[in-house]
Each structure stands twice: as C-alpha cells, then as structure tokens.
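Below, each structure is written out as structure tokens.
Same chain, two partners: chain A is paired with chain B first, then with chain C.
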Partner chain A sequence: MNTNITSAGPPAEGGNTFLVSLGRLAVSIFIPLAAFAVLWAGFIFLRDSNAPQTIIALVAIIWGVGGVALLFWVTDYVVNRMPVVVAKKIQPFVFVGPAIAILAWYLFIPTMRSLYLSFFGPQSTNFVGLRNYIYAFTDSRMLEAFRNNLLWIILGTGGAVGFGLIIALLADRAKGEKFFKSLIFMPMAISFVGAGVIWRFIYAYKPLGEAQIGILNAIVTLFGGEPQAWFTIRGLNNVFLIVILVWLQTGYAMVIISAALKGVPSAIIEAGRIDGASELRVIRSIIIPFIAGTLVTVSTTIIILSLKIFDIVFTMTNGNYGTEVIASMQYKQMFRFYDYGRGSAIAIVLVIAVIPVMWYNLRQFSKREGF
Partner chain B sequence: MKRMMLSLVIIMLLASPVFAGGAQEAAEEESNVVRVFGAFVDEEARRFEEAIKPFEERTGIDVIYEGSSEFETLISVRVEGGNPPDIAALPQPGLMKNFASKGVLVPMWSSLEDAVDSNYASVWKSLGSFEGTPYGVFHRVNAKSFVWYPKKAWDAAGYEVPTTWAELEALMDQMVADGVKPWAVGIESGGATGWAGTDWIEDIMLRTVGPDVYDQWVNNEIPFNDPAVKDAFEILGDIWLNPAYVYGGANTILTTSFGDAPSPMFSDPPKAMMHRQGNFITGFFPDDIQANLEEEVGVFPLPSINPEFGIPVLGGGDQFVVFNDTPAVRQFMEFLATWESGELWARSGGALFPYKNQDLSAYPNEIERSLAEALVNAKVFRFDASDLMPGQVGAGTFWSGVVDWLTGKNLDSVLSDIQKSWP
Partner chain C sequence: MAGTHKQSRWTYLLVLILLVIVIIWSVPIFGLLVSSVRPRDQVMSTGWWRALDSEEGFTLDNYRQVLGGSDQTFVNASGETVRASGDNLTQAFINSLTVTIPSVIIPILIAAAAAFGFAWLEFPGRKFFFTLVVAILVVPLQIALIPILRDYQTLGLTGSYLGIWLAHTGFGLPLAIYLLYNYISTIPKDIFESAFLDGARPMVVFARLVLPLSVPAIASLAIFQFLWVWNDLLVALVFLGGTNDVAVLTQKLASMVGSRGQDWHLLTAGAFVTMVIPLGVFFSLQRYFVKGLMAGSVKG
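Up next is the complex of A and B:
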C-alpha cells in the first residue's frame, strides 16, 4: 500500500501523463476504500468479540472517532495529490460529504423507509394501500390528537412567546435584569421528562382528609376547597399540560427576543417619545415591527416543538382523559401495539405537518441573514 | 494534525491484538455460553441467577442473563436486526405468537416436550403453543385472583373470609356500617395505566361466564360489547363507582399507582380493608409490614360468583423461548422445565411456580404456600386476557376503556369503541 502511494505520487512532473493520472485515479479510489474496509472489519470484529462490554464500548468510540478522522485525512491527502483544477472541485465534497452521508443515512433513508412501511400492515408484510392513512385521519383517538396538537400550538406557542415578549420588555426596563432573566431562563435546563416529574408533584392528588402533597391541591384545600384530580378534568387537563411547555419555553423565547430588543436603535425610540408617543405606542409601533422577524423565528421554532410534543404527555397522562397527541399515538402504535404500518403512517403525517413550518422558518433565517 | 493522526492509528493498531486474543479465546468458549434476555431486572434478576447456579456448576455452562425494563421494545428490535439472544423470556404470549409466525423460534424438541408434559398441567403447554406447535417453557409465574387484608384489624373487627360473592357483598356492607371503606384500589401505572382494572374484569368474567366464554372473548369470537362483558363491568361498577365501597372514590382509583394502592390498609386504623392484586404486590407493602408478613397480612382467593366454575385463578408468567439451537441451550431449557430450576427462588420468596410435582414446603411462608397451592389446585387457570389480546386492544383500548369508563363515559360506547379497535 505504502509503496503504491510513493510510486504514484512523485513522478507527476514527467513520464507518461496518461499512466500517471490513471494511477492517481486508482490510488484515489483504492486508498479510501481500503481505509473504509479496515474500519468496517474493525466494527464487525468488535461486534463479534466477547470482551467485556465496557472495553468494547470504549474501543468502539476510539475506533469510530479515530476512524472518521482517518477517513477524512486519507481522502484529504488523496485529493491534495490531484491536479489543482480537480482538487478544487472535489475539495468541498470532502468537507460536506460526510455530513450529507450521515444525514442521508440517519434521516433521509429512515424517512423513506417509514413512507414505504406506512403502506403495509402491522407486520410490514402485506400491502394495504392507504388504509393506515385513512385510519390516521378518521380514528376518533387520532382526531382527538389532532385537536389537542392544535391546542398545543395555539396556547403553547402563544403563551411562551407572549410571556417571553412581556418579560423581555419588562426586564429591559428593570434594575436586576440579569437576575430575573436567569430565573426565567432556568427551566430551559430541565428536560421535558424531568419537568414532567416536577409537575406531577404540583398536580398530585390525594383524597379529602389526607395530607395533600401536591402544592395546587394544598392551596385549594387551604381555602376550604375540595381537592381536584386535575388530570381527569377533560378539556382543562390539556391546559394544565400546556402550562408546563410554557414554563419550559418562555425562557428561550425571552432570551432571543431580549437580544433582538437590544438591537432596536435607541434613536428611533427617542424620536418616537419626543413626538409624544406613549410607552405602549412605542412598543406597538416601533419595537414590535422592528423585532417581527425574531418573533416569527421564535414562534415557528416553538410551533415545531408543540407539533412534536411527546414527553410531557407521556409522563403525565399517557394520553388518557382526552390528552392524546400525535406523537404519543405514534409511539403507542409502534412500540406498544407493534403496528409498524400505522406507526409509520402517523410519523409521515407528522413530518408533513412540520415541513411547511420548517420551510417558513428557514426562509426567515436566510432573510434575516440578508438583512 | 498529522502527528495526531499517526498516534491515533498507532493506538488503534496496538489495541487490536488485545481484542484478537480475547475474541479467539471467547470463540472457543462460546459453545458453553447461553445468553438469556428477559424483562425482569434488579432483585428478581439476581434471584433468577441464583436459582440457576446449580445448573451452571453441574454442567459448566455459563448462563448470562440480561434484563431490561424496555424489554418488549428491545427484543423486537434485536430480532428484526438479526441479533436475537439464545433464549428470551417473553412476558406476553402475543409476542411469542408474533415471533413464531415469523419462523424465528426453535420449536420444542421431543425430550423437552416430554419434560413439559410430565411436569406441567396441560394449560401451560397450550399457552406456550402457536398453531399446535409448542415453543415456550414457563418458569416463574404469577397469580392474580387474590384479596389481601390487614390481619390484625380484620381479626379485631371479627370479619370472616367470604367464600361466595353474596358473602363478600354482605361483608362489604358490614364494613361500611363499621365506618371503614371495604376496598383500596389504584390502577395508575404510567404508560400502562388501566391494567389493574382489566385484571378485575377478567377475574369477574371467569367467575360469571366461565373459561369457555372467556376464551371466546379473548379471541373476539364474542364481541367486546357482548352482554357477558357488559355484565362484568356492571358487577365491577357496583363496587368501584360506589364511593362508599372504595377509599377515595373513582378519582383515587385513577390517580393512585397500583403499587401505592394497598397503603390505606396499613394506616392505623386502616382506611380500607381489602385489596385485590397478584402475588407480587407483597413487594410493594410498607417495609415494616413486609418484615412481619405472616402476622400482618391475610389473603384469600376472590370468591366464586357462579358455583359451577369454582374459584378460577387468573395469572401470567414469562415463557422462555429459543432463538438459537445449541446443545448448551437445549440442556438449559430442559433444566428450566423442572422444579429444580425454581426451588431456590421459591425458597428466597416472591415467586410462584407452576410445576405439578413441586414441593410446597419450599415456600418461605404460609402466604406464599397458600398462593402456590391455590395455583396448582385450581380447576380453571387462565392467562391474563389483556396479554392475550392483540396489542391494539390488550395494551391499548381495553386499558384506556377502563379509564374512560371510570371518568364517567357511557359503558355501551366504551365497549363498542373497544370492539371497533379490534384489528
């Protein structure tokens, strides 16, 4: 292998150009392939090895990370040995290629496979046409999920962005801005499942006469009320769940909006005030239009999050009492009922629902960059 | 950069011979290793490993057990990915049927089948069979048709164990008159909320219409909104939907986790007197109760309703199925089919075994002994129906149907919704 490289490399200036470029081409194909084969064999070997699992895992990490680096280095080396014109053309692909390959392998191919599976039955053996999609759009539980997701989008996004905006505006004028902002931002550090556990305690229910360990019911009983099983109150229970998302996401909205607020030129605001505009008028007519782009970006990000919402519902109610959402239905069909067809169909519906929002979001991003 | 690359390559090269050596050695031993994958973890996994130690010492075969609480998801992924364990312990017969229909399971060979025939009641073999071919061997099982009560308070109040449903109802009214709630119930169980309710329905079905109709129900040969099923819901509703009979009423049933549910029985004085649950519930009792189980707790089988069917037992269990046919795997499976494989675990407690020829004196206390006795002597044993029904129903609409019914949804529409969801 080594001799091959040296013999193909240096005599570039003289000799038979055709042979040289042929040799180069062969080398540039052979070396990466050889490196890849070695890495692949390594993984197969690791998989079949019987060493302790921790050591296998450690070596797999080194092998994987080192392997990717090695592959990059080898390809880069080969490309650099090519004629400059060719190298320039190939170079970008060496950098972007792995990212695209990984994206294709982990995102594009699975999505296509889900699309394919969504036309088949539970075991993915018999073709059922559009039956899974008909289920997705007619089943009463699914319709309930669509309704609830809409509720999540409207109330969740509205709440998070609304509160984020108000807090950002207020903090901008307050003394301990940093302190209050970090306080609001803190829940961002908590995972959705963790938030679920915390809020379970807030909503906890014990029968009348027992110590209420849930703070909400403790307050209710303190004022002489009857303790409520909050999750079982149909309709309202969705709102109780959405509050958690708002609690988690307000900090995110606030930070981004706050940064945008700092970008509003104070000269314009001053001018408005001198013209006699009230504070509310300044906010409505100057600040909001100025940060509209940011508001849209934040909103679309949280809309996508609300569309995909799963963890909170799964940990709190598991979709019972009329709180089902699309993603929890997908999980149930896939992993509890082993109906790969329906699960895939719901996944595809979700992807299709997210795409327009994402596309709009990306367009806003690129627009703002131009701005 | 280049130097870093070089050192990485060197590390990788240096590391490989270490593995080569290890792998070769392991390959030689591989024929002596049996890998078992199951759903039970922690303490239960430890007791299983202890129970099979005599086998390992006798044969030199190394049985490696791996448990996961995400078992049901992972086993499908592993089988689909072409990387199944040698043996898996499947908690749900539906999973066995699914794998058997795909042809990935090794059917019982004749010597194993003989062992199963002579050591188990025939119901266990048919539970482990798909389309007439036997696959699964049962080991530890559970039985659910039991009612637990706080013994001291019970004796002090002078209550007697009921043997018929009428006696049970009279006892419930007596308890209400004494100012204590008869039942402590809780069906919350995270992603599986509702299963404890379906167990009640199944127990009542077995007692009102018997095993034959029960089997038809499981296979959807009678619809879910059949009067037989509705009747069972109504009998349960007489208890559950009457706030005088259940501690805390319907909201407490819905929001109390099944493990916390028995706790009102152990307050002083008890807030509730009875709790219906499987043998495993003792593990959820408060520590001081567990320490004195025999003195603190009494148990009796849920009384019969129609005397024709006696006292049926509802239960479940993990069945061991084979994916890779090797001599070591065969030896281990044949061991699992004998009482010897359960004896040590029975001695350490917390487990019941179905073997016909088991030694009941091995169980550590009177409670477990009486449970095992009820299990072995039951004329009718049936597997948990929700585990036998297709997942869409058994782990889906049946569970959520019980929840919907408890939150006040009309029973007829709950039942016809479940029927509609049958795939």
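Up next is the complex of A and C:
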C-alpha cells in the first residue's frame, strides 16, 4: 500500500511544513476524486456502450470487483491522512461500514418500509389500515397458499430429513460410502428451475395409446394403468411438486446428519450391541438422541427453505390447479397486479413466520462467550 | 465391524439397498442427459430408456440450437416443414457469468472486512450491529423486494448488472459475515499482536494476514454463494427484468418452459447447459462445499 506520498507530492524542505501539508491535502483530495472518476467512467461505459457482450461482461466484472477493492483502499487512504486521534476512531468503520450500510439498505430498512407499505393501497398512496392483512388471511387463494406451504413444510422437510437420515445410517454401515453419498448429494448443485425441467420430463403426459415419454406414465401404463396429467390432479399435484424439493434437499440433510453420526462415540454403540440390543434399537435409543440437535438444525433450515419456496411452483404450474404458495402469491401481487400493499403484507407474514427461528438464533448467540 | 458371515451378508444387502436408492436418485439426471442428445422426433415419440433401440443414434443438434440460436427445420406431424428459431443460451450463459462472478467476490470482500472489524477491532455499537447480523440471518429476502425495486426505479438501476450485484451482495452478506466471523475470530491473537506492534495498519494486517489465513473459509463460502447466485431465479426476475440482453440462464430456461413446454429435445439440452458449471464446481470442490454447508445451515 502506498504510504510514500513524496513521490506524488512536493518533497519536504526544511521548515516549509505549510507547503508540505498543502501538498498532502491536495493529494488526499486528488486520489479519492480520481478513484471516483474512474468508477464513474466505468459506469457510463457499461450503461451506454455498444461493445460486444463479452467485452462488456469483462469490463463489468473488472469494474465491479476492482471498484470495491478501490473503495476500500481509498477510504483507508483518506482515513490515514487524518489526525491520529480521529483516524483511530474511524478506522474500524472502514471495515464494518460498507457491510452495515448495505445491510441497512437491503435488509434492515426494507423490513420497516415493507411494514409501512403494507398499510397502504396498491400505489402506496392511500392508507387502508389492516385491509391488506385481512386479504392475506381470508382470501381463498391465500388460504390455499397457506395450506400448500404447510404441506411443503411438513412433507418437504419430513421427506428430505427422513430420507437423509436413512441414507446416512445405511451409508455409514456400507462400503463405498463416499460414492453413494456423492451421487445423492449431486442434485444440491442443480437450480430449482433446472430440477423443474428434469421432473416435468418425468411427469410428462401423452394421451392413452401414444407412447409415453415421461417415465412415470410409462411405468403406470406398463402395469395397465391409465396415463395421468399429474399436475392437474388437485391436491396430489402439490405432492408431485414437493417430491422435487425432497430430491434436491435429501443430499444436504444426509451430509450434515452423516457428519453428526461420525461424532457418536463408538464405545456407547458397542456397549449397546454387547447388551444384545438390536440394530434398530441401537439407532432409536442411542444414535437418534445423540444427533437430535443436528436433526433440529437441519429441519429448521429446510423448513425455512420450504416456507420461501418459489422457483419450483413458478416454473412448473405458476400456481395453477391449486398449487399456489405464499411466495408465488407475493410475486403475483408485485408483478401481475402491481399491488405493492398486498405484496408487502404477504412479505411481512413470511417474516413473522420465521421469528421463532430468529429468536432461537439470537438466544444461542447471546449465550456465546467473547461478545 | 468384524467380518463374521452374518455381518458380511448384511453388508451386501446394505449395498444393494443403497444402490437402488442411488439409481432412483440419478435416473432423473440420466434421463435428461440422454434425451438432450437424441434427435427431435425420437425424443417426441419414444421414451429415453429406449434410446438404444433406435438406429438414428445421437446428435448434438439440440445443443447447437439452444446455444447457437441457429434455426432448425423439421417436418411436423401434418407433413409441413417448420422452422424453429433458436434460443441463444450462449448470451444468457455469458450474462450468468457476468452476474455471478462479481456477486460472489464483492460480498465476500465486504464480509471479510466486516468480519475482521467485528472480531478484532474495538468500536462503539460492535455488539449491537453483530446482533443485528445474527437476527437478519433467516429473514426471507421477499421482505426487501418491493422497497428495493422502488429505489432501483428511482435510481435507474433496474435491469443493470450493478443493481443485481448489489442485491446479491445485500442478501448474501449476513451469512457471509457470520461464517467468516466464526473463522476469523479463531485466528490466534499473537499473530495480530506482533503485526500491530510492528506498526502495521489494520488495512495491511487485513490484506496481508487475515485474507490469506482465511482462504479455506473463503473457499467454502465462495462455492456456497456461487451456487446460490447461479441458481437464483427470483432475484434475477425482480431486478434484472425480462429483457433478453441481460437475462440469465435460469430466466431463459424458465421462459423456455413457458414457450416450448413440449419441445423436450430443447428443454433437456437447455437444462443441461444451465447445470454444467454448477455440477463441475460441485464435483471438483465438493470437500469445500461440504465444509461450508456444515458451518452455515442457517441461511434465510
């Protein structure tokens, strides 16, 4: 880092401190200005340029990443030009300041703003009191969304954690553990949209008599059944969507649970076996209680994920045939009906739903030492 | 386990059960991959599991069409020749990279600096601000969509890369700060003390000591954030909008599902294009990814 300003400012001459500090001042103003000029030029280029996509992308990446590094460096530079007492006070905020500012803009303040907007009409101009909340808790589509989200939470979490636990227990006792786990884990890398396409193909439907190209209907017709358009079967179609989440998240549950299993002292397990307990008994009475904390953590994570589920529903059914969920309703209020009041009220409902988890996290945190 | 007869039979049974589960889990991806390299009329008329029955073999035409945007002609059911326009996922692929790379690096830089500040510098409000970070960990990002969308409309940031980088930065920061704090606060104190005694400024300590020492944690976090941003649909839909020149892969794929819901030869190829990079990252860096998961199973 460049602290040697003599290369940029006038060299210090005996006693002529006034000129020196003037030079220092000029430099410390010039450097931030130059930095901002560079960033601004990059911004204008990115906004107006007709250069090929690849070049714009490259410039955008360099500009974005370099810009952040430059900003850190420049603020640090400026702070170090200040009197030592002031600099010491400001110094920590060079580090935490940007994060706090961004969090404030993107999460803290929006929570308040959404709460405020939720009491206003579609255009946020007229006060409507609790009407948006009355809508959120009484409208038939919203009620359907709540019911479906509950289904997502129960079946999605139950399925992923259940399968994750079973597979982790099996793999723990088998050869080739790594191979099996790696394949189960693989869907974690796939987007909800990609998984949506994969499963749409599995559920694909052709009328009776034509060759089925979806594997599910092929199996059904193989056993003499009639092919089904799975997504239009009300009620059950939610389950077909939830299967996708289970497929994606089982790997996550398995990996975490599997790590917890390695932490169960083998001496206790051996003792149980020597006492003649069956393997199932050992699992139920020794292993499960031991990893209970992990099971709770994994379940919480997947519950929160199911609560916010959006992409799968959006790409697969767009909420039709009775598959609406809370997040898809919120998106529709924003972009189809342009009702910011209702959209905000639904977002607030989502936040209220995670408050217990938030409270638990805070309690765990305040127990921690060193803070 | 000791290798008695009974136990080894059990082991075979276990492996068999696991094999069945793994096959069920892999079939969806395998079917996708096979279908993406089958000729159009084959995909439409027979199941992918019968791919080897046909004599037409395999083709890369589907990929040519979704990537290159090259038009394809084919004869449809009623005997007419039809031209289908391509989808040009190449552009969306570059867009995805443009969105993702800064959306991974920027939050990690800012979070590392903040984590260092919270862990090793004294300032008023330290505990208060960090408590806020912990509280916000599980808050659904839906809460921010409307207010931030309005700000972006005022600032002219909708549909801009800068806008979506900042959004991903904002939504990724809580977890990033939390994870990096957990790591950076465990760096032995002596390392800092000797550096500060030598008169090094905090920024120098951060750049020369903290960042290099935090590489394992940063790697885990980077993979996590990478998969999250690359696979994201909602944030892109809201802040990038639907215009073609900035749309990312997930948006393109979602709109393909809408416009070509039955063109399975294209949908399967398109889906595979969106999955290539995350799967590559996943298989090459799985170890770091698992570590990141372990440390951060709390994201909101």
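Convention: the second predicted complex is superposed on the first by the 261 of 371 C-alpha atoms of A that agree within 3 Å, B and C clash if a C-alpha of one lies under 4 Å from a C-alpha of the other, contacts with A are read in each partner's own complex, and residues count from 1 in each chain.
The definition used in the following text is that a residue touches a chain if its C-beta (ideal position, glycine included) is under 8 Å from a C-beta of that chain, and two chains touch if they have at least 3 such contacts.
Just so it is clear, the structure is predicted and the values come from calculations on it, not from any experiment.
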| item | value |
| --- | --- |
| Dominant contact partner of chain A by residue count, chain C or chain B | C |
| Partner chain in contact with A:183 - chain B first, chain C second, else both or neither | second |
| First (chain B), second (chain C), both or neither touched by A:314 | both |
| Chain B versus chain C as contact partner of A:191, first or second or both or neither | second |
| Touched partner set for A:69, first chain B, second chain C, both or neither | both |
| First (chain B), second (chain C), both or neither touched by A:96 | second |
| Partner chain in contact with A:61 - chain B first, chain C second, else both or neither | second |
| Touched partner set for A:136, first chain B, second chain C, both or neither | neither |
| Partner chain in contact with A:105 - chain B first, chain C second, else both or neither | second |
| Touching partner for A:35 - first (chain B), second (chain C), both, neither | neither |
| Contact residues of chain A, present in both the chain B and the chain C interface | 46, 69, 73, 204, 314-315, 335 |
| For the chain C and chain A complex, residues of the former touching the latter | 1, 11, 14-15, 17-19, 21-22, 25-29, 31-32, 35, 43-49, 91, 94-95, 97-98, 101-102, 105-106, 109-111, 113-114, 116-118, 121-123, 126-127, 129-151, 160-162, 165-167, 169-171, 173-174, 177, 185, 201-204, 206-207, 227, 230-234, 237-238, 245, 250, 253-254, 257, 261, 264, 267-268, 270-271, 274-275, 278-279, 281-283, 286, 289-290, 293-294, 297-300 |
| Touching residues on chain A, where the partner in the complex is chain C | 1, 43, 46-47, 53-54, 56-57, 60-61, 64-65, 68-69, 72-73, 76, 80, 89, 91-96, 98-100, 102-103, 105-111, 113-114, 117, 167, 170-171, 173-176, 180, 182-194, 196-202, 204, 211-215, 218, 247, 250, 252, 255-256, 259, 297-298, 300-301, 304, 307-308, 310-311, 314-316, 327, 330-331, 334-335, 340, 343-344, 346-348, 350-351, 354, 357-358, 361-362, 365-366, 370-371 |
| Chain B to chain A touching residues, read off their complex | 1-2, 5, 8-9, 11-12, 15-16, 19-20, 22-23, 25-27, 29-30, 72-73, 76, 98, 102, 190-194, 247-249, 251-252, 254-255, 390-392, 395-396, 400, 403-404, 407, 417, 423 |
| In the complex with chain B, residue positions of chain A that touch it | 42, 45-46, 48-51, 59, 62-63, 66-67, 69-70, 73, 122-123, 140, 204-207, 229, 231-232, 234, 314-315, 318-321, 332, 335-339 |
